[in-house]
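Shared chain: chain A. Partners: chain B in the first complex, chain C in the second.
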Partner chain A sequence: MQRFYAARAEGYPLVKINTHRFKEIAKEELKNTYSRGFLDIFSQFFPILRKNAMESFSDPQEALEKSAAIRRDVVARLPQLLDAFENNAANNGAKVIRVKDGREANTVIVNLAKKRGIQYVTKGKSMVTEEIGLNQALQANGIDAFESDLGEFITQLLDRPPFHIVGPAMNVPVEEISDIFIQRAEMKTPTLDPVELGHAARVYLRNKFHHAGMGITGVNMAVADTGTIINVENEGNIRMSKSSPKTQVSVMTLEKVVPDMQDALHLLRVLCRSCTGQKLAAYVSMDSGPKKTNEIDGPEELFIIIVDNGRSELYKDIQSRQALQCIRCGACLNTCPVYTKIGGYPYGWAYSGPMGQVLTPLLLGFEATEDLFRACTRCGACRDVCPAGIDHPKMFQAFETRRQERKKIPGLNREEMIIEMGFVIWGWLVTRPRLWELTARLTRKALSLPALSEPLKRIDGPVKHWTHSRTLPHPASQTFREHWKALKKAEYDR
Partner chain B sequence: MQTVSLFIPCLVDLFLPRIGEATIKLLRHLGLSPVYHETQTCCGQPAISTGRTSQAVRAARHFIDVFKNDEIIVCPSGSCVYTVKYEYPELLKNDPILCRQAAEIGKRTFELSQFMVDVLGVNTTGASFHCQAVFHESCKNLRRLGISEQPKKLIENVSGTMLLPLKEADVCCGFGGAFSVQFPEISEAIVEQKVRHFIDSEADVLILSEPGCLLNLDGYLKLKHPDKKAMHLAEVLCRTG
Partner chain C sequence: MIDDFIKEITDQTGEVYRVKKCDEAAETLVNIAQEKQIIKLIASTDSVIRRIDLAGVAAKSGIEIRTAGDFKDRDAFKAYAFEHADAGITGVDYGVAESGTLCLVHDENQPRLVSLAPLYHIALLPMKHLVPTYEQAAAQIFSTNAALPSQVSFITGPSMTADIQATSFKGMHGPKHLIVILLGC
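Entry: the complex of A and B
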């Protein structure tokens, strides 16, 4: 696994991955009163929007089960569906390029741009390009990338990672947006009016669209049957990025494929409802190849880059495969008690919340990502809303099991060592009721003695962490077992 | 008198024996004869959730050994019931005999309120308790065992208790076992919000039916809001006056 991680990490010389700093960044973010306030409102508001939208289905549960079944089917037949998509897209005139990792993807795209003398590209919001660090790769080669999704545009100007996979800048205060637009987006006068801010971004980006030679976007769905790529958005910027420039580059990860249009349309309905609580997003565009000879509009050439980046590797494991069912709706983030307290930054890479906690460790390895899959209360709220049928808590449990199987005792720190020894003793006692009982009694006694419990509150370990915001459980005067024995004795004596 | 076997979670044995005592009282009040096997230890939930399979299997084997002859097993914790009913068969899938035994035991294992309402058809225990209360929906009960209406029905029928609505009642309390000690700051932020909703509801008692959540919420309340109280459902249902 260590080797796997190293190999993966090597693929992203340009993206900063901070998964190992999860705890540290989370602690910082918990102190951010602005984003905490925002998340409080957001987490109450969004699940209701979603729920109301889902109720427009005659049977919401059935709709969810159907979308989950489609995604399960996709993952089961992934290699065949990808081949079919590739063939059909090629027949439509698209050039399909499969790449093994982020580095290769970036090289291919940079070369496409260079060969065409492209100075800058416009981009539609795309998580895979965040994953592979495409913007940084383009920049390093002297090619400017202009993010054209409003949220993504703001995070790019601020040079911040996405806060949410759907709303990357939704936590940024409007004052900050005004300031950064004045500094970096040619806005003349400060304003707190969202419409004016939107207008400023529009004016700035419209000019870029006008002269762009290449547009780069992601893909929401790739229909195997027809070779069509589908994008869902609310701002029209993706459509603009796909249709104004001569060259269109669509980047997708291999799990984006769906069998046919009928399945795609059902997923579309569920995706929009799960994502933003809309029955359908404002813009849905479908492209089957570049501009045909008899057509007036559209790109002259279309490249579809299919990025693997560790997915074929995780596909080999039948349990891990489930991660590829995700359709990136973000519903799991919006309902997660952890995400809705800490926001997206602590997750340290492109993907946050439960879907990120599932996907990131599988793509990067478990070495520097274990805080991700441990930062879960196992409440199962994510699993309940997931339209792709992913059982996130169960995946985390499976990760823990695998981690345990590979664990090396000498590599543990003191706290881990204490826990490890605790479990060894626990596992031994659990089948020995008398000793178990004795230990329970002694533990109860020990915790009730301040001379013992007070020092425990100061050294790093479970007691200290528990008493961070709670009192130590008040040890009862007797265990339940003692109570039962006393009760039986009293009844017998009578 | 029908005998029912008590499955008392280790958390209850050690820290919250009053929940076990209340469970006995309640079952006796309903005309049943609860028995407690003193050989029981822990169902293995902590080992299962942290991926310690071999230790979890030991716990599961022991549990099956202790409870295999019982007709009905009742437990005042949904997450422990979930472990037996759903985790055991998966955990023991390599041992067909044990796995089948686990599945059989699972069918006879019930969470307390589920047992009372769904099995016994009891809607009231004749308890009386003067308070304004809210109910917290514990995750495993609500999402995995489908328990929500049963405890609420029982609370509503306690004389003198008024059940008020609780905002985000179905959101986790932030306990999560190991999570609460691995990520104490995040856990605190979650429990803080839960308690804020409780306080905003103007109720004086927060009722729940999961010992883990109780440990968490009660510990937080004692430190930050000592005037407020969290109680297990079983304690409420055997209150008189």
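Entry: the complex of A and C
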């Protein structure tokens, strides 16, 4: 299975995957005061926004439990639901194409575009197309792909990975956006006003929407019962891509399917509240097939590409399956104490934060992603807000267990051996009270020397993960026991 | 329910006008056009819009009103919607009170770009099309043996974004202004 994943990642060499550089990039990003400042504010106000929105449910907890139950049901019945969706979508007149991996998906879409003489496409935000590197594949074949979600548009121009699954460019300073818009998006005068920057993008992309021959979108939900695909957005760029071009290609992964419209509507409510703190996003559009012949706009042909890309393989494992419950709302990112310090770049692929830490290792294998799923404090904030019922920390623990089991050389490596020895010595010491007290006193003396605190930070070896990343607390002038003794003595003297 | 609906819409910067009769709606439309300096208008031809005397409105106010049928082909229609129309006017199939959502069922009489391409979307909603939740609308649209509509849109406020520095503003790619005329109060 491991080899299978490695081979898959090689299957689309055009995507930059940097998951193995997690620590390195995280260290860099921790120094980025601009992003840090943004994340500090964002992580304060966003969870409140979400919480307020959830409170518009008569029983928020029940609403979350219901959405989690729907997602569990979807995953339990995934193969049957997919077949039903495929049949019903085909009955509606859509052409449904199932592909096994990113390479095949890219080939199919590139060929669809080539056959129709398409020069450029407009794109709605779609994480799966980020996952498989569709833009790069189109570009390599001479077809321009214009990301049209404002955030995606900016990250595309800057050639940067998404910072956040919902707001991929939220952290980018306005100065930088102004510069790149002047260079590459026909903006005339520099501006630092987000509204004016947005307007410049509107003007630039409007022309693309008007004349694009193909619109490519993702899918938020695929309703099995009716064969309908649903997109959720605020900007109108997805509706544009589904209204103006003659050909629509909507790309989804297996797990987007939901049983029926009732379930879809409940998920919609929970998704929007979790994602942006809205009751409903500005636009929700539901397509059941291409336009009818007498309609003047809308796509003449609708292709729905169902991408597997390793998912049916991970579906075989009952524990890993839980990852497929995710509905990509991004709520887990906004509450994660790790994400809200380092931002999205260190995660190294399309998916960041806890949801990425769950999905990415299952898709790319544990070797290249071990730093990813170990970057967790086990606080469980992600699990508490998750509308899909995913227990992220438990998944990470399971990954770690499996990683250990899979290690080529069983037993401890040198570093782990030293740590183990340390515990043996510690155990010996604490069972000898006098010796322990003496050691503790000496250690405290040593730690309170200012000359020692800096060098301590630079200690290498097995303890460096503790000493490098945090400052040791300054020991109090008296221990509790010394203090107690003094107190008792004072009492006695009186 | 009506109050909830209006509150939700105005929370999203939408404007709501309440009128009793269709001729009043036409008058309101003329006033809106004059106030907002709307000169060119693209209209749907759905059953709600057909109740309004648009030709009369055009004559009275001097605004140009076009419908899909006025164009020789798809490209001409698109060009007008994208480049010329100041506003699009549509009927509304269902108004959903829980979030102030307008539900539009697209077909030959409800083209997609009318409510999407121009800066203003003016929506005409008969009072009896108001429902409390999405489910009532969906049940009527999707529980049918006939062919499903090619597209259904839920519209909640104007087009918006918060992608730059989490600063929220309206009018990203679609309309910047949403005006709802509530008919039959």
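Rule of thumb we're sticking to: the second predicted complex is superposed on the first by the 412 of 494 C-alpha atoms of A that agree within 3 Å, B and C clash if a C-alpha of one lies under 4 Å from a C-alpha of the other, contacts with A are read in each partner's own complex, and residues count from 1 in each chain.
As a working rule, contacts are C-beta pairs under 8 Å (C-beta built on N, C-alpha and C of every residue); 3 or more make two chains touch, one makes a residue touch a chain.
The structure displayed is predicted, hence computed values, not measured ones.
Of the two partner chains placed by the overlay, neither chain B nor chain C lies in contact with A:204. Looking at the shared chain after the overlay, A:478 reaches chain B, while chain C stays out of its contact range.
When the two complexes are overlaid on their common chain A, residue A:397 makes contact with chain B while staying clear of chain C.
Touch criterion not met for A:120: it reaches neither chain B nor chain C. Of the two partner chains, chain C is the only one touched by A:243; chain B is not. Look at A:57: by the touch rule set out above, it reaches neither chain B nor chain C.
When the two complexes are superposed on chain A, none of the residues of chain A touches both chain B and chain C.
Contacts from chain A toward chain C in the complex involve residues 38, 42, 92, 148-151, 154, 167-170, 172, 174, 177, 194-195, 197-199, 201-202, 205-206, 209-210, 226-228, 234-237, 239-240, 242-244, 261-262, 265, 268, 276, 278-292, 294-298. By the touch criterion stated above, chain A contacts chain B in their complex at residues 23, 26-27, 30, 36, 40, 44, 337-338, 341-342, 374-381, 383-384, 397-405, 423-424, 426-427, 429-433, 436-437, 440, 443-444, 462, 465-466, 468-476, 478-485, 487. The part of chain C that touches chain A in the complex is made up of residues 8, 12, 68, 71, 74, 77-79, 81-83, 98-99, 101, 106-108, 111-113, 116-117, 134-135, 138, 142, 147-167, 169, 171-175. Residue ranges on chain B touching chain A, taken from their complex, read 8, 10, 12-18, 20-21, 24, 36, 38-42, 44, 46-55, 58-59, 61-62, 139-140, 143-144, 167-168, 170-172, 174-193, 215-216, 218-220, 222-224.
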